[in-house]
Structures are given as C-alpha cells and as structure tokens.
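Two complexes, one shared chain (chain A), two partners (chain B, chain C).
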Partner chain A sequence: MLRYVAERLLLTVALLFVISIATFGLMSLVVGDPVYAILGSESSADELTIERLRRELQLDRPLPVRYLDWASHAVTGDLGRSFRQPVPVRDAVLARLPVTLELTALATALAIACAIPLGMAAALRAGGRLDVGLSAVAAVNLSLPNFLLGILLIYVFALRLRWLPSAGYIPVTTDPLAHLRLLLLPTVTLAAAYVGSLSRYVRSLMADVLHEDYVRTARAKGLGRAVVIRRHALRNALIPLTTVIGVEVAGLFGGAVVTEIVFSLPGVGTLLTESILGRDLPMVQGIVLFVTAAVVLSSLGVDLLYGFLDPRVRMS
Partner chain B sequence: MNVEKGIQDMIATPITRRRFGQLAGASALASLVAACAGGGTALTPSASPAGRGPVRGGTFVYARNLDAKTFDPHFSAQFSERYVLYLIFNTLVAYDKDFNIVPDLAQSWDISGDRQAITFKLRAGVKFHDGTDCDATAVKWNLDRILDKNVNSPLRGQIQPPLTAVEVVDPTTVRLRTSLAWRPLLAALGERPGFIVSPAAVAKYGKDFGRNPVGSGPFKFVEWTPDSRVVVERFEGYWEPGKPYLDRIEVRHVPDSQVRLTMIRTGEAHLIDSVDPSLVGNLRSAAGVTVSELQSGRFWAVQGHNGKAPLNNADLRKAIAYATDRAAIKRVVFSDTGRVATHPLGSGWAYDRSLDAGGYPFDLDKAQASLTKANLTNKTLLFATSSERAIQDMAQVVGTGYQKLGLTIQHQTVPAADWFGLLKEGKVNWTITNWAPRADPDGLLRILWHSKGFQNTTGYSNPEVDRLLDEAAGIFDTAKAKELYRKVEEIVVENADYSFLVWPSEFAAYRSEVGNFVYHPDLILRMRDLYIAK
Partner chain C sequence: MAVNAVRPRGRGSSWSRLVRTYPQLFIGGGALLALAVAAAVGSGLTPYDPAATDFGAVRQAPSLTHPLGTDQLGRDTWSRALYGGRLSLLVAVGTVGLSLCAGTSLGILSGSRRGWVDNLIMRVMDGMLAFPALILAMTIAFALGPSVGTVIVALAVARTPPLARLLRAQVIALSAREFIEAAVAVGARPGRIALRHYLPNLVSLLLVQGSLTGGTAILTEASLSFLGLGLPPPAPSWGGMLREGYLYLEVNPWQSFIPGMLIFAGVLAFNFLGDGLRDVVDPAERWRRQR
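Up next is the complex of A and B:
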C-alpha cells in the first residue's frame, strides 16, 4: 500500500516536471514579447526603460537558462515573482485557492446530492417518464455552456426575480450570509453540467446492479425492496461512482475558470485568465503546477478512498 | 503631455469580452466599447436628482473591468487604475471639460518671462491621510522621485528632458525649471506625473506602497482585493470644505459586460461605463437609470507603415484612404453613434472643426485612379489586426471597400495582448488602431508623428512637422499654438499613413439618484464629487 502511494507520488513529480516544461515552452514560444503587455496599457516607457525591464525580468536570457533558473527555485518551493503584480506567485495562488476550492467543493456536493436520488429514481423506473425526462435534461445540461447558463441564471434570479445578487464576492469572515448568497448562483452554474452527467452514471450503474444475483438473492431472502436498494444495490453502485467523480475534478476546474469570470469571483480561474492575457509567465506557470498537482492528487485520493469503500480492493 | 496609449486602453477594458470569447466562444455576450481616454463634450449635463442639493452619506458602487496592478501613481500604467488614483490623490492641477488647466493642489501658477520656469502657489494646510504635510517639500520630493533614474518610474519620459530642476521657494511655493519653453508640462501635472503621494508613506511601505497608497485626496484607501474590489472611505481631514459627500466608494471588478448591465438595472451598482452603443437603447428605457453620452476625441484609424510593405507606396495609401467607407463603420460597428473622423484631434482646445470636411472622402473612382498610379505588381496585401471583436468588425467593413478596388486582402488576426508588441517590432505594418486624445495636443501629435516620437510606428519622418511641433510646444497662448497644430494636422492627413475612421461616442449609465455626474474628456470618471440623493 505504502509502496503504491510512493510510486504514485513519484509519478506525480515526474508529471509536474513535464507539464512545467510544456507550459514554459508554449507560453514563451507562442506569445510575442511580453514586455509590452507587462508594461501595461498606458505605458510611456522609453526604449531605455523597456530594455531595463527586460533585463530585470531576465527576458534577455536564453530560454533553457531561464527554465533551469526557474526550476531550481521551484524545487525549493519558490515559484518566483509575478510580472503583473508586486507579489510572489505562491502567495498570489494561495490567496486565491480558497475561493476556487470552496466553489468546486460546493458544486461537487450539490451535484452529488442531486444526481444520486435522480439517477436512482430513473434506474428504478427505467424507460419511464422520469427516466426519459432526465435524459433530456442531462443532454441540455451537458450541452449548455457554463457562461451562458450563468448569464441566464443572473437574468432570471437577479434581474427578473431580484432574489439574489448578480455577481461579486464577500469573504465569509465579513458576512457569512452574503457570502453564501453570492456563491449560490455560481455553484448551481458549475454543478448543472455535472448533475446531468453524474445522474446518468448513477442510473446506469444502478440499473446494472439491480440485475445482479445478490440483489435477487436478497429479495428472495425476503428483505424489503427499500432495504435491498439502500443497503445492497446503492452501496455497490456508488463505488465506481467515486472514480467518475475523481476523474471529473479536472473538468470541474475548467468550468470554474469560466464561472468565476461570469460571477466576478476572485479565484484561481480569474487569476489564470488575467495572467494569460497579461502574459504573466511565472504566474501561469505557477497556477498550472498547482492545478496539475491538485488534479493528480485528487485522483490519487479517490483511488485510496476506493480501497476504503470496497474492502475487496484493499485486500488484493 | 499625457502620454498614454489609447489602443491599449481599448485592450484594457474590452479584454473582458475577448478573454471571455477566447475561453468560451462567447461572442454573443460581448459588448463593444472600451474605456478609452477621450476628450470632448458631455451631451448630458451634470444632473441633480429632483433638483435638490448634495447630501452626505452612503456607499457608492462603481462596476468596471478593473485590471489594476498598482496604486502607486508613479508606477501606474493601466487605464483603470486612474479611477482609483483620482479618489485617493490630488494632482497639482486638474482639467475642465475642454482640457483647460484648472487648480487642484496648486491654487495658481505663474510663467516666467523666458517661459522656462513655472511657479506654483500651493493650497496651504493640506494634509496627507497619514497626517503629514502636503507642502512644497512634498511636491519637490514627488517630482524628484519620478526624475530619479534609480527609481525607474515609467513616467520619467513624460516630463524629462525639458524638466531640469524643482525648487522649494517657501512652504507653499514651488518652482519648476525647464531647459526650454514647454507648455505640455502643465497638462502632464494634471495626470500621473502630477499625483502627489505621501513621502512618509513611501518611506514606510517601500515597494509595497502600491498596495498601501496614501495621498491627500478626498478618500483614503481601505482595502484592495486584486481582481475583486477596491474600497475607499471619506477622509475627514480633506481640505475642501464639506467634501466629499459619499462615505465610501467600492470599485468592483466585474469583467463581464452583461453582468455590469444587470447590476446597474438592479441597483447593485450606481454607475457603469464602457457601455456598448448597441445596448444603450435598452438601458435608456430601464427604470431608474440615466444614460450619459460623451462625444469623445478618441480616434479609430487604419494605419500603415511609410517605409515597409504594403503601404510604403504613397499612391496606394491614398487609394486605401479613398476606399475607406467611414459612414459604414460608424453605422455597422458603432450603431450609428459617434462622429466620422477625418483628422487626429477631435476634441480639446486645439480641435479645429474646419478640418472635419477635409481628408479623404469615400470615393471609389478616386481610389481606383490612385491605385492605377500606384502601379502595383502584387495586389495581394497582408492586413493584420488585433483579435478584439470591434476591430474584427471594422476590418470586415474596410476590407470590403479594399476588395472593390480589385485588391486581395490577406487578413491575419493576432492576439490582442501581443498586437502592440508586434506593431512596435515592425511585424505588423498595416493594421487598425485607436488613440486617446491628451489634455495637451502636443501629446498625441508628437508621439505619433514626430520623427523621434516613441509611439511612431509608421516610420513617419518630416522635418517640417518636427519643426512645427517643437515650435508649438513652446507657445503658452493656446489660440496661437492651435494655428500651428492645424498645419501639422493638414500635413499628416494628406500623407495618409493614418486613414481616420470614427470618433466614437462613449456611454456611461448611472442610477437616477446619483448627483453631480460629469463625464470628463479623458473618460476617467472623477467620482470624488458624486452624491446619492435620499
């Protein structure tokens, strides 16, 4: 077990290394000279100032040298300083991370809380009205892009009904209620697509399990339908679902980027977007590292959770 | 000389939509107008709700795309930072709605006989938010800070060379000496180089001053959450009696234009700007919202390099200028708002209306004649523009005109963030651009058409224009200077390295209970005098 975890962690480090080279190369080769983007929209800097800045940011040095310099610092946990803001990259990302984590956690929780009962109900009456209806809703959810759904929700709940604020962010420490009211629409926006896909998974997993021998045996023993579904069928169906959820974390982050922009949330997603457009190479590099690590570690976590949920996996 | 780049202003705000579009292909959500510095005349006079006078109190919310990097004015280079700077800081002088210079920290000023020294009489008893004195010593310290090569302020080039020395005459008198007579220095002191920061606070915070700004303005800094919001609150010790009216101002970062429109309609925001002209009609009918239009002096133009292909051929430049359907651009891209532009200066005291009818009217016959004279061997031309939606729309319209001449236009799109770098490096040589007017006309004309202008990206070099610009900059009598600027405009318009398109209108919207709203010619909303009627 320990060996397995160690191997996975080592693989993660190797992956981070490869990803960092790829990001560095892409950002440096694809974009033009970042100095003008960094200097800002109204810079009146003369050639001398520009040259000086280029030297200061070490943009005059060859690419491999710059990468090695960056990597040797990154190993010690120093991700460098942002081009765009007067802060170290690590501090900036850590400051933004809680917003994104909270949003994705809330959205995941909401998606699971909706998907399990819906998927179960659909499986129990396969081909029924609810099942067909859910398929349709899932298809719409999956194909409706986040940004459009976000704007639609704002239109309905903020502009028409005036029940909720449209956008913005208030820290939970300032005003917990206002904080949650502002996070409600983004959470629903982000969760929507996953309710669609997860409920379809639950439905098909459940439908499979319901045809298993042990379910029939349990029923034959005289156990009630509800007990069989809850204790035998559902528990077995949920095990593969953890993998699905783990895999979708990466997709969830992509959705969070867009959702954060629509709802003006100061999370990692907005930071990433601003940094890409501001050609802030160290920041993009740092965020990509963080996100890669988060996705890889969450899938490792799911694998470990799997063993916890299913003793058969642990023993083998 | 207010030296800032209008085109990048454009990038600063609408980047939202583009950013959005890049991420999600959301062109449907996009809106158009950028917050670009512009000059002109507010069509809507400042309003006073229900005719009552100003009242004190209230928290005011302004929503915009806020891409701030620092609130240290001497290192500021983002358009949106200035909205906040004008709340926290005072400038030495200020502008009225026609870019005339009016007092702020300086109550009056004298120009010496040889016109090489300006002596400012400062307001007495002004304090910074940290309690230290905002006096002549502080003013000298500030200007010296910009001039100090070790500080490496990006503003240095705006005031030096001519500014050679800053002298403290007495606690409320400061004298600026220049190596030659140079009128644009005055206007520069109403902008970033003129912001006076607390020397004690800079000493205290060092490199972090940009995150802890301390000035003498009506509002003091409370907090800044990057990419979220900036909060300032009333400075009780402000020198102007009874002001400010508002208790608190929140500048919210809302990148999406549709969300901003919702916020003004629900009352979550009191004020928004950069409203897309196509959406203005919608807002005008919304309850409780007032729309303000400003005829800005920002110009949109097609620019081509005088020395590089494809537009190094003067007859081709003229053919292109004649084939540019400005009225169509105004109609299609700007929902028929704004004005057709024919020369560089569309606002301010040097704006010469008699030039409006000149330039190159849309005339395909004359275009064809010029093209024949140009005698092109290769009729396939590379036209490279920034990826912003409004620019793409303009490229479509002008491209149609060019194709009617039998030219084949290869249209290349480059990412907006890289566009200006590529232009400076000479990799983009025929493109669409826009420039904001400066408080002093020297600013724009010099940086674009002086042979040494640092935004001269068309390789333009004309000794006559250089001479006229240098001579005009030494003339403090604006009526006399205006005559020389008219000559400069006529020469550069004739050359057609810039083919002018439109002076757009800019739109802001505010809640009807907001009083004292004034649209400033540089488009930076000075929110310091606003109030919320009860």
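Up next is the complex of A and C:
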C-alpha cells in the first residue's frame, strides 16, 4: 500500500509541474501587451509610465525567470494580484469557491443518487423497457448542451409555472430556504449531464458482476435474490464507480462554468468568464491553475480511495 | 401471427434493409448532409441578409415572412441560423481534421516507440487531460484572440489527448500482431510501418472517433460563443444567438429555443453518425452493449 501511495504522489507532483508549465506557457502567448490591458488600448500614457508599469509587473525579465518566480509563489498559495480588482487572486478565488463547490457536490450527489437505482434496475432486466429507454436517454443526454437544459428549466419552472426563482444567489446564512430554492435548478442542470452516462456505467458494472461465480454461488446456497444483489453484487459493482466519478470531475468543472453563467451564480466559473472578458491575465492564470490542480488532487484522492477499497489495485 | 414471427428480419431492397439495420448512421449522416448543403448554398435559401436590421419587426415569433422569427434587432433568425450553421460546420470539420492528425501522430509515435518518448508524450497528455476541456478551450481562445482559426485550434488541442491515448492503446495492441513483427523483421522504416501498417488498421477507429469529435466540437464551440468567448458579435453563430436570445427569454422564447435546438440537433447528428459507424465497423461491440 505504501508503495502504491508513494507512486501516486510522485505522479501527482509531476502532473502538477506539467500543468503549471502549460498554464504559464498559455498565458505567455496572450496577444497584446498586458500593460495596455491595464491602461486601456487608447491610453495616452507616456513612454515613462509604460516603462515603469512594465518593470512593476516584472514583464522586463526573461520568461523562465518569471515562471520560476510565479511558480514558487504559487506553491505557497500566492497567485499574484488582479489587474482589475484591488485584491489578491487567491482571495478572489476563495471568495467564489464555496458556491462552485456546493454546486458540484450537490450535482454529483444527485447524479449518483439517480444513477445507481436506475442502472441497477436496467441491469436486472437487461433488454427490458427501462434498459432500452435508459440508453436512449443517455444518448440524448450526451448531446444536450447543459446551457440549453438550464434555459429550458428556467423557462418552464421559473417563467411559466413560477414555482422557482429564475437566477441569482442568496448566501445560506442569509436565508437557507431561498438559498436551496435558487440552487435547485442549477443542480438539476449540472447533474442531468451525468445521470445518463453514470447510469450506463452502473448498468454495465452490475451486468458484469451478475455473471460472476460468487453471485451464482450465493444464490445456489439459498440466499434470497435481494440479499445477493445488495450484499454481493452491488458492493462489488460500485467499487469501480469511484474511478468513473474521478474521471468525470474535470468535465464537472467545465459544466459548472456554463451552469453558473446561465443561473448568474457568483462561482469560480463566473469569475473566470468575467476575467477573460476583462482580459485580467493574473486572475485567469490563477483560476486555471487552481481548477486544474483541484482536478489533479481529486483524482489522486479517488485513486487512493480505490486502492483502499480494492486490494487488487494496490498489489499490481 | 406465427407467420410473422418466422419472417426474416431483412425484407425489401438491400438499401431499405441497410437503413433499417443502421438507422442511426442514416439519420445522423442525412442530417449532416442537409446541414452541409445548407451551408454550401447559404444565401440562396433566404431573401434576407443575416446582418440586416429591421426595427419594424423585432423579436417576432415564427411567421410566414420570417419562418424562424426575428431577434432583438429585427434580423431574420433563419438567415442567421444558416450562416451560423456554416460556421459550426467549418469549426467541426477543422477540429476533426486537426485533432485526428495530431492524435494519430502522437498515438502511433507513443505506442510504437515506447520508452522515454512514450513516457514523455503520455505525461504531457495526462497533464492536458487535467484541464477541463471547456476551460482549456476558453484559455486558448483568450490567449490567441477571437477568430475561427483560434476556436479550431482551441477545440483541437482540448480533444487531442483523449484521442492520442485511445490510439496509443490500439497501436500497442496491434504491435504484438504478426504482420507488424514481420514488417519490423524485414527492416521496414518506422515511417513506412506507421503509414502502411498501423494507419490502415486504425481507420475504422478514426472514423468513429472523428464523428464523435465533430459533436464535441459543435458543443464546445457553442459553449464558447454562449459565454461570449467565441467569434465577436456581428458574426452569426448558434451559441452567440442563444447568448443574445437568452436575455429575451420571457418576451420571446423562440429566440432561445431555435438556436438551442439547432445546437442540440447538430451534436446529436454527429453522435448518431459516430454510433452508427461503430455498429458498422464493430458489430461485436453492438452485441455486447445489448447483452
């Protein structure tokens, strides 16, 4: 187990190094001088001011030096200062983070809660009406842009039926009920994309396990069908599901960006979009690094959990 | 009743039998063909200029004069949808071409050379896979500035790592086969082995992955435009139309529904084509899925 953990950790550090270089490299490609992004393209600032600002931003130094400087600060949690707002990038991200985390966590929970029973039912009656219906839904699901689903949900539930508010955000401390009502539609929107694919995974994992010898043995020794499914089949089928969820994390963050925009939620995705539109380079750079590092670390977490749940993984 | 039960499944001409065996292939392919024709004919299918404003007819629902209605500036939605479709198709074709080239080269290189080359390429691909595809595309579009080329490059870069991985796995599986061993044994150069021995055996996989990539490209391009990070406003794109239409969801829902449904249909068409092609090239997989 120790060797497995050490290997995973080493790989994660290497990955973090690769993504930090990729992020920095991308940002150094940005067309146009960041100085003009701050001053505005039609600024009448004289050469001296521009030169001073450039030195202040340390743009006069060579790229590798700037990378090392940025990376060594990033490791300590310092992601630089925003061009647009008088705050450090880290504080701006941390202020928006709870909304994104809550949205993605709720959506993941909802998706799993729907996918497990649906996938199980489909596997138990392979080729049945539910099974066929589910694969059709999964195909449609894959093609349905989540912003379109979000807009349709807003149209039906907020504008026509007037059951729920259409968009906005109220902190949970101000009014817990209003908070949840506002998060309901975004959660459904983000989860919907995964219910289809996850339930297909559960179905195929379950279908594989149902053909295993130990399931037949359990039935043969006289255990009831429900007990065998619950205690023998489901438990073993769900272990690989952890890796599947780990793989989906990256996509989940991407979906969260669009969902936050549709529902005007003040999350990290909204901040990223605003920063790109406002050409706020340090902010974009910081958010991209932060999000990718979060994806890498959560997949590390999933890998370790998987190794813990399934001894065969850490042995090989 | 009993007679019906024993009647063979394939009746009628060979064409209609083919359509009935692979419905997805023909629905998806047909829809894309229609889109391609509409994109090619373009202005011939509409009397309106997609950029012409008409403040006497703003935010109209579909009618005889404007079959898909008009937007907040009185521009004809049908004309804008046509030009937006041309853009979507262009982006999809460009992305498929670029990402297949990059993914195939990297996959073959990685899978056939192994060793440190393989390790280096795969670690870089792993690093890129850690970026959520949409966020990677957003960042590249930000860095390179808005243009059709940028969007294509952004989407292709985001799509290359999974393709390279998939192809590498396939190449490794192939490299154990006798015909590759034989080619190596007679001293064929690596480039010849890649082009004459690996590539032909990857074509079916590339066809399927290419169509699925087309779907992803349309979806991600629409997402970028919806976020305001695609092509700048006067250029009509489905995602951009939805972005503008969304502001008027309450007064004129058509302005959101129509571009939204077009995006959905475009992505679905590519995915149908991909699934249909998979059924054709890999019937065993189809049987496995239905088990």
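Basically, the second predicted complex is superposed on the first by the 252 of 316 C-alpha atoms of A that agree within 3 Å, B and C clash if a C-alpha of one lies under 4 Å from a C-alpha of the other, contacts with A are read in each partner's own complex, and residues count from 1 in each chain.
Just so we're on the same page, contacts are C-beta pairs under 8 Å (C-beta built on N, C-alpha and C of every residue); 3 or more make two chains touch, one makes a residue touch a chain.
These numbers come from a predicted model, not from an experiment.
J.: Quick check for you: in the superposed arrangement, does A:I154 touch first (chain B), second (chain C), both or neither?
T.: both
J.: Could you say whether A:I19 touches chain B, chain C, both of them, or neither, answering first, second, both or neither?
T.: Second partner only, chain C.
J.: Touch check for A:A250: first (chain B), second (chain C), both, or neither?
T.: So A:A250 only meets chain C here.
J.: Considering only the touch criterion stated at the top, classify A:P98 as touching first (chain B), second (chain C), both, or neither.
T.: Touch partners of A:P98: none, neither chain B nor chain C.
J.: Would you check which partner chain A:T273 touches, where first means chain B only, second means chain C only, and both and neither mean what they say?
T.: Touch status of A:T273: both partners.
J.: According to the stated criteria, A:R84 is in contact with first (chain B), second (chain C), both, or neither; which is it?
T.: first
J.: Under the stated touch criterion, which partner chain does A:G307 make contact with: chain B (first), chain C (second), both, or neither?
T.: neither
J.: In the overlay, answer first, second, both or neither for which of chain B and chain C A:P240 touches.
T.: neither
J.: In the superposed arrangement, what residues of chain A touch both chain B and chain C?
T.: 31-32, 145, 147-148, 151, 154-155, 159, 257-258, 261-262, 273, 277, 279
J.: In their complex, what parts of chain B are in touch with chain A?
T.: That would be residues 3-5, 8-9, 11-12, 15-16, 18-20, 23-26, 28-29, 67, 69-70, 76-79, 152, 154-158, 207-208, 210-211, 225-229, 252-256, 258-259, 262-263, 265-266, 268, 415-418, 420-422, 424-425, 427, 454 of chain B.
J.: Looking at the complex, which residues from chain A come into contact with chain C?
T.: That would be residues 14-15, 18-19, 22-23, 26-27, 29-32, 126-127, 135, 139-140, 142-145, 147-148, 151-152, 154-155, 159, 207, 250-255, 257-258, 261-262, 272-273, 276-277, 279, 284, 288, 291-292, 295-296, 299 of chain A.
J.: Can you name the residues of chain C that touch chain A in the complex?
T.: Per the stated touch rule, the residues are 123-124, 126-135, 138-145, 215, 219, 222-223, 226-229, 242, 246, 249-250, 253, 256-257, 260-261, 263-264, 267-268, 271-272, 275, 289-291.
J.: Give the list of chain A residues in touch with chain B in this complex.
T.: Result: residues 31-37, 39-47, 49, 52, 84-86, 92, 145-148, 151, 154-155, 158-159, 162, 165-169, 257-258, 261-266, 270-271, 273-274, 277-279 of chain A touch chain B.
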